[in-house]
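My questions will all concern the structure given below.
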Amino acid sequence: MVEETLITEETAHPISKFLREAMMPHIWCSGCGNGVILNCFVHAVDELQMDLNKLVVVSGIGCIGRTAGYINTNSFHTTHGRPIAFATGVKLANPNLEVVVISGDGDLFAIGGNHFIHAARRNLGIKVICANNFNYGMTGGQQGPTTPLEALTSTTPYGNIEHPFNLVHLAAASGATYVARWTTLHVRRLTQSIKKLLQKEGFCFIEAISPCPEIYGRYNKMRTGLEMMEWFKKASVVEHFSDPAKAEITPEKIVVGEFVDMKKPSYEKLLHEQIAQINKKAGE
Amino acid sequence: MPVRLWRTPLDTKKVKLPKAEIHIIKDQCKGCNFCIQYCPTKVLEESEEINAMGVHPPRIIDESKCVVCSFCTAVCPDFAIYVVEKQCKEGC
Amino acid sequence: MAENKELESREGSEEIRVGVYVCHCGLNIAGSVDCEEVAKFAATLPHVVLAKDNRYTCSDQGQELIKNDIKEHKLNRVVVASCSPRLHEPTFRKTCEDAGLNKYLFEMANIREQCSWVHLYDQEGATEKAKDLVKMAVAKAALLQPAEEIEVPITRKALIIGGGVAGIQAALDLADTGYRVYLVEKQPSIGGMMARIDKTFPTMDCSICILAPKMSDVGHHPNIELLANSEVVDVKGYIGNFHVKVLKKPRYVTKDCSACDECTKVCPVIAPNEFDAGLAIRHAIYTPFAQAVPSTYIIDMNICLNKEGIIVCDKCIKACERQSINFEMKPETVELDVGTIIVAIGADVFDPSTLPNYGYGKYPNVITSLEFERLINAGGPSGGHLIRPSDMQIPKRVAFIQCVGSRSEKNGKLYCSNVCCMNTIKDSLLIKEHWPETEIYVFYVDIRAYGKGFEDLYKRARKEGVKFVRGLPAEIIHDKKAHNLWLIGENTLQKELYKMNFDMAILSVGLEPRKDSEIIQRLLTLSRTQDGFFMEAHPKLKPVDAATAGIFFAGCAEAPKDIKDSVTQASAAAARAGILMAKGKVTVEAITPISYVENCTACGLCTKVCSYNAITLNKELKRIEIIEAACGGCGTCAAECPFGALTQNHFTDEQILAQIDAVTEHGAENKIVAFCCNWCAYAGADFAGVSRMQYPPNVRIIRTMCSGRVAPKFIERAFARGVAAVLVAGCHPGDCHYINANYHTQKRVERFWKKMEQQGLNKERLQLLWASAAEGERFASKIHEMKVMVEKVAPEEVENAKKVFEKALGGS
Amino acid sequence: MNKKGTVLEGVHFMNGDVACAEGAIAAGCKFFAGYPITPATEIAEHLSQRMPEIGGIYIQMEDEIASMAAVIGASYTGLKAMIATSGPGFSLMQENIGLAVMTEAPCVIVDVMRGGPSTGQPTLPGQQDVMQAKWGSHGDYEIIALAPSSVQEMFDLTIEAFNLSETYRVPTILLADEVVGHMWEKVVIPTGEKIKIVNRKRPNVPPEKYLPFMPDDDLVPPMACFGEGFSFHATGLTHDEHGYPQTSSSEVQQSLVNRLCDKIRKNADKIIRVEEVALEDADVVVVAYGIVARAALSAVRKAREKGIMAGLLRLITLWPFPEKHVAKIAKQAKAMVVPEMNCGQLVREVERSAKETPVAFLSKLGEDPHTPMEILEAIRRSI
């Protein structure tokens, strides 16, 4: 029992070495799913025994934007909507780095939507994990690009009349080589998916549906994280490689699983091959 | 072959199921209760005490029921709970 | 209208030329019937161009004669008055065919079994009856139509339901013959009951040792597709063309599984292993036993921590090097097209906890014979050591109690479960083999050691000192401290009470039909006997065929059997299925329904009464569609149709009405018209004849394939024509050869009785009789009984009935 | 015209945009992100061909916002990075220029100025972004901006811009105009070793000791890059020397923002460059920059021929503003003339520094730059 007596020391959480202790506890509310996503991410990194020096985590603005700061690795917290654009510079400048963007639905798909579709189109080898909480949490719960029809938010007091993005469909249509969707209740599958995403070539995308009980939930009769998790449990159906176009999120059904998993040469690979080609010719 | 299974299997005692040691970092808990709700063997419950965050952290009902699936560790948004398997010496 | 159609269809066709042949059958017929006179009489009947009598019409000369006449005299109908059509109809049909006459233009009058033999001492009555029978036959013959038997192609694939030793044997036989076989097993592995048994009697082979090779053959056979952990959920179609839906339940482990067993080491959930009768544990992820086929592991989702659909525990996933765990697996429905089906679903064992006096389920040391098999088995939970559950000690005194759940309606089932006696004897010898000192008592009712080598084994057991006590214990009393057992009962040989103490008691439990037999019965439209086991088409001559064509039985599904019999029957079933598939086609007797579209109102009544789902209602076209190949040929649909839009080939309304009219032309008031189904009642009547049971000669039997064919209008016609009484006779309920068609017979007769009562008629004049082929006596005595009744029927009653049913007189 | 895979050398005849691109390569730039826009497009086009040859990265992003963000990303990953645009694109970049300032990401932004506001006159020159260059992004900050007035300077000052931005970890702006951008002239490029190249300061402590935003005495923190083993955090939020957000601390806000300004202000003398022509005895001083300064030079010469004591102060560094130089000359001068291709931007800085000395402003919009005669006329009028 010798080891036990050592690890009963409270701070010795097995994955605490991946976190910037100085930044803990994180700013997220009780029942928020961002912590779960962070937890899954570091577990994935741990299981893959990744070299943290070769990892770069970039995030934008919003609650989940703080993630970059919490992970004990190269991290950058950009302006609103620009993490993918920033990550593009990093990945191209040093293709040996594993560049992961962890950000929110508003950051990535409203203000940053243009960067997302173009990075996917280029098949640039950056990995994007989107925490989808259906609204702008940090600014107090405004309507966003993923807010479900009829949902109440601080800016849709009469119910949302905008059609939300179906993120997995958008990602697949834009050319992502790996597309998956899980909820924060599917922690094991989410972790496995993240491991896969970290090992794949090209642009990869995971939508992690995440409870926002304090803000979104408060407006929509799910006041606790548990209630939102129970919704995920009730509504989610695991269907691998189903048609992403048919995977809209409704109160009744959330199709989760992998939607796309293909091989396609990444932008940086083609670019550096081209550079090598040109210089070979030059040498002749 | 539906046979009524009413006996305790003869080799029940021989099977070694993992013994757990659950660590709750009380003051890091924000009281979302995910660990309590989704524990498959219902090892945890909400305690009365109030922690640094002003919430009721989980409390262990019966550690022996824990099978070290570690779902609580995986689902905790606040890194406030983890489980280690007892490296038991002979006898345990 | 239907009649008119018949007439039209005959217009313009050449004139009817009937030839009648009255057979003496040596003195069998001529002994009590004046055949010459019958022939003379026949010659006077309409359409008859010649009538002859001869000694043996079935003899070569007799047949030659018919052939020549057909050619010379341009006969286009042939009537032979001789024995039962059940005996010689095929013979004479062939004769006609040889002479170029369609075999459906042949008709028979049964003047032996149903006349000469049953009226041995009433020559006059017999002769009169014979004339009537010939007249009826000629009347029907005149209306006979040539018919072509339809041919149905047979898919050369077989479905076998159940992967016990019977299913395995049948699968291998068919697969080796070269047919594609789908073997569906409900459990995660094939092997069934035999895989769980330690040794087999009487040879004492190691059961799994001889079964395992066959199991892996099934697993590897290129012609066999094994669908384990699967269930048949839907069967459509008919012989040669079954469309089957099989539900493949998810294993949550893919084929990549190498059975390395690493997953069970980490799986934190345990449960009793069904395979070991609950004496050993298994994990949530497991393989039922070492030799399982398929060897792929399976996850029991009822107990797995991830049952909620969320992966809470991923220990097995992490432990699996081949990454063959897949919690996303979903049930899938596989659709198969097969030509034949073999039902080998086996049997369940009787649950003795329903017998409070033996205390099974309460007293730890009272075990079942199945639990014994696992205990004595080297691969079992106790490593082959016979231990008593209470203290894991090897028992010194062991009692076997026989017939637990068998041979007693009160305490289980009436029938003998067939295997228990020898199994106990085998078990007792196994104990003696390992622990010779053990005192063994067998409490029995009778010891049934009928099989090859059984008696020797029984003798050996006695020689080894196993004591056999006749008389089952009335009760077991449990000694709570020592967990010993007191057996109290009467030794019926010595007529004395016994009270004996044992360390352990083994209940020799019987076999019973599987709980899910009903489902299979419904899916395949099969019939079952009173015991609940499946009923074969013929107990003697078609022991492995089901009443539904193209379906066969193997193993305990049909009745309790030991391994040897199961295997034998399995090979037989395989052979029977093989014959069909080898032919590649099957011909269906042309006794299927004909529909008159113009009369059909698409009411759908016929579809409801068809036990074969051979009639479907096409709502768009507002008409019915008949799948001849699926039709069993009972004619119930024709009887049900209120609009004359359906009739049955070769048993048309007109033909039957013509027979009735023939009977009732003279002296109807004294006659009984009896409608007998071909399989039971008519055969019963024949049996009465064969056994020379004498009964009054005033009955005239009209043969239908099934009593379900008897339409109310036939009975009305008979009464309208003034008969004294009508008898409708068929198979016993549940024994119907057309699944359950005679159930409609009953409903119709009951309805008719009501009608008669409302009309103030004596309902006794219509009688319903259930008589099996073996119940000649029952048939004869019914006729006696009715004779007495008929004599009481007053002329005015007859007149009343005539009036009431006047309307029925329309038509031919 | 250029030797593949190497930095250009020798004498060449080229246009300003190309000279700028070659300057970047000479300065060691290995990353260019941009978006097509007149009159800066030729820089992108030229680099799309040249970057691969020297193993550098060229990428055309989906817009200037993305381009600027990518440039910061590349810079943080250790590459010298540049972006080239004109007015509209420059506006789009402003937020991320602020991010570069806040996270102290060295990078060079080329703005080849055209006529504005909005889409304005894409093909005509302007000097209308001068104030935007200093004040374009929200919040307080100091920045460096240089104004080339010849194709040769397009080459030289691009290198200078890189050196300054690497030295002070600040985005540095090359404020060119349509004329210098498109004009063809002789460019003399010295051999590699003769060109002065500055690289950013690297940490001289082990990773565990490294504080990404702890400045040295020159107020500039040494810079580590992603993937070098110093795993650190950077954010656009107000942050302490660990790079950790401090969103509610006034001390941190004050010390950070003040340092970001002071590292430029306190080093202004090292940064600022001007060209002085005939100022010793000048009564009238023309203060000009960019292409306009060349007309001003000949105007000053003509004035001297006509006996007017005129001189020229050409501003090479616009930001930080060379206020000392202006103030000094203002003391002796009787009048000052500031010709600009705008409605009066830098003239205000001149007035601020010139105190009582009268300053005449000469505006020009929507056509070619001022002619020497126009400026000469203004000189005459000023006395």
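Read from first to last, the chains carry the letters A, B, C and D; within each, the first residue is number 1.
By our rule, a residue touches a chain if its C-beta (ideal position, glycine included) is under 8 Å from a C-beta of that chain, and two chains touch if they have at least 3 such contacts.
Just so it is clear, the structure is predicted and the values come from calculations on it, not from any experiment.
Listed by label, the chains touching subunit B and subunit D alike are A.
When chain pairs are compared by contacting C-beta pairs, A-D ranks highest.
Chain A has the C-alpha centroid lying closest to the overall centroid of all protein C-alpha atoms shown. Averaged Cα coordinates give subunit B a centre that lies 56 Å from the centre of subunit C.
Chain geometry summary: the mean Cα position of subunit C and that of subunit D are 99 Å apart. The distance from the centre of subunit A to the centre of subunit C, with each centre set as the mean of the Cα atoms, comes to 64 Å. Centres computed as Cα averages put subunit A at a distance of 38 Å from subunit D. The residues of subunit C that reach two or more other chains are 308, 310, 312, 314, listed in rising order. In subunit A, the residues that touch at least two other chains are 185, 187-188.
If you sketch which chains touch which, the pattern fits none of the simple shapes: not an open path, not a single ring, not a star, and not all-to-all. Under the contact rule stated at the top, the pairs of chains that touch are A-B, A-C, A-D, B-C. The touching residues of subunit C, counted against subunit B in their complex, run 187, 192-193, 196, 268-270, 272-281, 305-306, 308, 310, 312-315, 348-349, 351, 353, 361, 364, 368, 370, 381-382, 387, 389, 392, 515. Considering their complex, residues 21, 23, 25, 28, 30-34, 37-38, 53, 55, 71, 73-79, 82, 84, 86-87, 89 of subunit B touch subunit A. The part of subunit D that touches subunit A in the complex is made up of residues 4-5, 30-31, 33, 52-53, 55, 57, 59, 61-63, 65-79, 81, 95-96, 98-99, 103, 226-229, 231-237, 242, 244-245. On the subunit A side of its complex with subunit B, the touching residues are 1, 3-4, 7-8, 10-11, 13-16, 19, 24-26, 28-36, 38-40, 43, 184-185, 187-188, 191, 224-226, 229.
Residues 185-189, 233, 236, 238, 240, 257 of subunit A are the ones that touch subunit C when the two sit in their complex.
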